[in-house]
Amino acid sequence: MTSSATMPQPVSFGRRLKRFMADRPLIPLIILLVILVAILQVLRPGIVNERWIANTAKFAIPLAILAGCQTMTMLTGGIDLSVGTVATMSAFIMATQIVNQDPTVAFLLAMLPAVLIGLVNGIGVGVFRVHPLIMTLGTSLIGTGFLQVYQRTVIASGARIPDFLNWLGTGLTYGFPNALFLFVPVAVLIVFTLNRTGFGRLLYAVGDNERAARLSGVRYWQVITALYVISSLLAGITGLLYIGLIKAPSLSLAEPLVLPSVAAAVIGGTSIFGGRGGYMGTIIGALILTVLTTLLTILHMPEGGRRILFGFIVLFVTAAYLRIIEDR
Amino acid sequence: MTRFLRRQGWVAGLLALLIFLFVITKLIQPGYGSGDFGSLARAVLPYAFAVAAQTVVVIAGGIDLSVAAMMALTSVTAASMMNGASEEYAFFVVPFVLAMGLVLGALNGLLIVVTRVPDIVVTLATLFVLQGAALLVLDAPGGAAAEWLKASVVGIMPIAGLPDWADAWVPKALVLLVVCLFAIWIPLRSSRLGLSIYAIGSDELAAFRSGVPVARTRIVAYALSGLFAALGGLSLTISTGIGAPIPGPYLLASVAAVVLGGVALGGGKGGLLGPIIAVFVLRLVRTDLTLLAIDPNVTAIIEGAIMVAVVMFGAFITIRGRPAGATP
Amino acid sequence: EGKYTIGISNTVQGNGWREEMICAMKAQALASGEVAKLNIAHRNTDAAGQLEDIRNLISAKVNAIVVNPADPAGIKAGLEEATKAGIVVVAVDQAVTEPSAYIISNNQEEYAYLGAKWLFKQMGGKGEVLYMRGAAGASADSDRDKGFKKALAEFPDVKVAQEVFTGWQQDQGKQQILSFLATGAPINGIWTSGIDNVIVDALVEQQAPMVPVVGADNAGFVGQLNSVKGLVGAAVTNPGSIGGAGITLALQILDGKKPAEQTVLVQPQLWENATDDGKAKLKSAADPSLSPEWPVSISIPDWTTYTKDQIVACKGPGE
Amino acid sequence: MTTNPLLDATGVAKNYGAVAALRNASLSVLPGEVHALMGANGAGKSTLVKILTGAIPADAGRVLIRGEARDVRSPAAARRAGLLPVYQEPALIPDLDVLSNLRLTGTPVEPFRAWVRELGIPNLDIRETARDIPLAILRVLDLARALAVEPDVLLLDEMTAALPANLAEKVLEVVRRQGDSGRSVIFISHRFVEISALCDRATVLRDGATVGVVDIEPGIEEKIVEMMLGARIEKTSVAAARVASQGSAAQDSHPRLSVRNLQLGTKLHDVSFDLANGEVAGVVALEGQGQDELFAALAGSIRPAGGTIAVDGAPVKFSHPSDAIQAGIAYVPGDRTEALAMQRSVRENIALPFSAALRKWGPIRVQRERMVVSSAIARLQIDTRAQGEVQRLSGGNQQKVTIARWIAADARTILCFDPTRGIDVGTKQEIYKLLRELAGLGKSVLFYTSELEEVQRVCDRVIVIFGGRVVDTFPVELADEPALMRAAYGLPRGAREDVGILADVRPTPDAEAAS
């Protein structure tokens, strides 16, 4: 054993930098994003133009909304792996029901499974205390099964993408993607909810310290149930946006976005342990991932290499955050 | 006897369920015989190894999201090494691939211990890395397997002294499974190392105070998981004769069977037998639905529903069984 | 009433071509009057999953199995077991390595060669081509790769800008083309393995330069070739109704009429919109009443006997 | 002394953030000695045991084993050095059976069985899972497991606290014999009976420092109590504490809180008392006498098995803390980490109860919240330089936040569970003053404290709990520390003259051993 005296020591530059970063977690993220864009521009001069930016935004938006679901659930120490299935279901149901139904009815039918899955997730996690990972994997398995069965029944009736979703998914207004008309309000709403509403407070509180929240009179199951329903609704809406972008309804439409949505939230500084993080970071996380994908395509990086890099980035960023946050 | 029932009640119940399912199967398809049982055993093989891989880490209080990716990587590695190679070369390939699983698994554990990033994030990251590596090894399904390896899961195991009619019910695949799993598991379970794995999952602090090297044990648990996953990957290559770089449904299936098999996700409880029986149950459900000519997609719903219902039921019992006055 | 039970195994779900294939199988089984029951395993899975499905079909004691293989070699063991159990095995659409199995398929190598050669000519024999393949590892895909490479060898100045696997999924193909267009890399032509209408959609939506596109005879794409301004392209026939032909072949074998060859190949045709002759063929082939992802060739002469209503209704015996 | 100490620790220090668990502890144990380690709750006894056995690292200090400097970094290393602890908390792995627990630690089975029999459990089933074994038996098994490897130094942390009389008796016998056979035992207990029956010497800790080593001999108990309490024993003044409480004497017809025959498993038996409006009632008890459960039940955290609680004369039933909050009862736990969302701001933590109800989930009225929160902060003089995250606040300021929350929420009844644990003298004074002020405003406070001197400073009345029962109720005038101490140990009031503290409430099991 060594004896040590605690002496006030001059704070090193490294430590000051670290503390600075810890206090403003968005700054390192923005720097990373700018670096990636700069590399892109160097590799292919002229690529970073108005059209590229609009395109990047278009692809980042669905990812960012799903990552919003992850951000909110992760704040409570959970995770929602059913968002991909929910988004796919809403998209698929919308595209097939619109053929014979009134748009409002089709929309309501499309959001129905979202509400149901969210409710089941919320009750499972909030009341029965099932691990969120298991719960949401389970419901997504069930949802996929239903979708596949449903698909068999609508084979003959065909599918159509409503014009409005078309407009929303791919249209541009003054060079800006129309998807922003959906995204900006959603983002503002999420940020406002997290920072300025009682519900947002409770998400953080429950994730930071469930006991403390309980002692303050918070009923855990209420918060969690509402959370998973909201997460599912957001996922459903993302599905509608995404089908407007991709225009090819299928049974696995949004599935490829699920793990990246978790990664975007993690990279954006939301802790998987709960209680820490925010949506602004997540949005930048989603942009970073989208730009990174483009970069890897341009580099002719084979799919295998991309995934390897992707994995390492997620691990590295999480570990780095842990270090920054731990010893301040 | 009562203690046996209390402790093994879940497993006994599962076994009863399995027997019940066999009876149902025989009723649906009176011609269901030993050959069909052999098919079942072959179908079970990769799932069983995946579940074993998951079980070990869950008992140790963790989770491994990378099992399916690990299986894909080991499968393509084995298949591409054996492609065009001699039959004898496979004698080298098998231990090589198993060692690879062991080392990569240990690396998972090491990353968890060293970075202190939660296991779920670390294994999510390695999921991407291993998937990427698999795609680098083979960008499309392909490769080959040695004939003697393929033969090792086909047909029955002649056992001296056993009458032919009984021997017909001993498929090689089952023997392989029992030998590989239980030859590792049974001695391990009662060894100091095995007990340590249970101990860190049951109560990490008490384990540490009992002198268990917690970090080392965690690494070993993940290494074992890697080894089982490699066996799973090999079994895929052996049964299909090729390697496929895109992971199959084994992650979800492994978590489902672990839960269904009575292994508590919190760690410390359960064994390997329950999850293995659970795998048989889930595979046999699929068989039965095929025999009934029911849409196989319904199986996905049923598997998901079984998983969610079982977890909720387990949670329900725990909540009910909590002694009065205990704080939740 | 029919006397046979036929098992079906397919591993790509949600793709219009495969849906038509399944409907053709059902319609043909019904029209033949010889089938009592179909036992269909139709889901997204890989060779290992298909093996399990095939073995379950064996346990179900079907008389024949019609399979669209996920991988030619990966399901060999299962097909061999089926033959040993006295079950007739017919592979449709793609080849398998199991020698006891019968195969009825489009000539996939020729399919790709025809289209690619036409495309490269359209590109003036030079430039960058975007090569959008099917499902990695499927034999239709590797056979088509042979045809594509054969054509490529004939045009040394044509380069592959990027090679991607769509997995024969519309949404994947769409995501891939969109993210490719987003990089701003220039291309001169696109060859796609039957995921075609979404590619044209993407070019239109992104206001990207229209380059020649070669796809299959899917209803949507055929319609686009007739209507999209500035689109030059060709549809190479690849009937999903080959599924119905598979049923017919299986029934013939069950009835004791074995074909002379183990493998029956259907020869593809090319319909392009660069010449008047081609345009006329496209016009007459177009069928806007079909789902855009369904191939317009909904029947194969000599092999299928159902009506259009029957295949569109998609009902099998007993349904 | 001619013999060299078997174990010799000096200058041991350990900080948990701002809390100094140990400042300067020393301990020297001779071969063949049963050595008591004594000190009030929180003095640092358990921390010292954990450091000596490698369960936690020390910040400073030197440990010699048989005269050699040893760096014991893990429990496994301690084992190798011949040191074996039985910690205050059971250390058997709950999901393993006894036999597996033995294998895990490499404990020989036969000696273990022999010790178990010796310790008064004739028919143990070693295939039983630890989780299913009652706590008392588990403690004994823990001890038997330690004994079975014949350690040089056995460290027993409150080994007998959870044992019924018959088992405790056996344990004492066995421990005594350890000493006789030349091994050493470090024995922690709050029971003087046991200490005097068993131990040769005692080291006394106070506030993390060793304040003395004494030989155990008749009459030494008073001296040990004195050492444990330190200078504080002189300081208490009944009159001083009452000054602030003048205004609170008026009693209404209904008490604020009325508890009758509260029952909770083995933890609470027939607990009854009243809490008046404007009253600060103290609760005094040794660790683990049921006070935790009492507070939890009143706070709605756990449901009592029997009895009634009435607020302002109306009976209430709580199924969740929010019910208690609804009834105006707020709970301030002793452990700040239990009450605070550490990564959130001071403001959010104080305002947390505002958002709890479903109808309060909407937009927050920021201006109003800021006002309410600021006034609570000002009231408690919280140092807000680091208010962005509560975890950056000093311990004292964190504790103030937990109280400020309920001032802001205007709770009428506050349950304070040891609120001054681990905070400095100045802040403590502020908290005392605050509690008195609250009482002055007509609020009622139930105040559990582990520091007896606080009683005189804060309370109007003291309720003493022992073994889950209210054993005495003191007016504050009579509640000097020695009196409270005795009452807390379950001794009848005024028994001081008889046999000193040794007058146990239970029949003494070790009369012969002591003689």
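For reference, chains read A, B, C and D in written order, and residue numbers begin at 1 within each chain.
Definition applied: a contact is a pair of C-beta atoms (placed from the backbone, for glycine too) under 8 Å apart; a residue touches a chain by one contact, two chains touch by 3 or more.
Source: prediction; values computed, not measured.
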| item | value |
| --- | --- |
| Two chains sharing the most C-beta contacts | A-B |
| Separation of mean Cα positions, subunit D and subunit B [Å, integer] | 46 |
| Inter-centroid spacing, subunit C versus subunit A (mean Cα positions, whole Å) | 36 |
| Separation of mean Cα positions, subunit D and subunit C [Å, integer] | 75 |
| Mean-CA-position distance for subunit B and subunit A (Å) | 31 |
| Sequence positions of subunit A contacting 2 or more other chains | 148, 152 |
| Two or more partner chains touched - positions in subunit C | 42-43 |
| Numbers and ranges of subunit D residues touching at least 2 other chains | 301 |
| All touching chain pairs, where touch follows the definition stated at the start | A-B, A-C, A-D, B-C, B-D |
| Complex contact set, residues of subunit B against subunit D | 3, 7, 190, 192, 195-196, 198-199, 201-203, 206-213, 268-269, 323-327 |
| Residues on subunit B engaged by subunit A in the complex (per definition of touch) | 63, 111, 115-118, 120-122, 124-137, 139, 245, 252, 255-256, 259, 265, 295, 297-305, 307-308, 311-312, 315-316, 318-319 |
| Complex interface listing, subunit A residues touching subunit B | 79, 120, 124, 128-131, 133-135, 137-146, 148-149, 152, 259, 262-263, 266, 272-273, 302-312, 314-315, 318-319, 322 |
| Subunit A - residues contacting subunit C, complex | 44, 46-47, 51-52, 55-56, 59, 148, 151-152, 155-156, 158-159, 170, 245-253, 256, 293-294, 297-298, 300 |
| Subunit B to subunit C touching residues, read off their complex | 29, 31-32, 35-36, 39-40, 42-43, 46, 139-142, 144, 150, 154, 236, 239-242, 244-246, 248-249, 283, 286-287, 290-291, 293, 295-297, 300 |
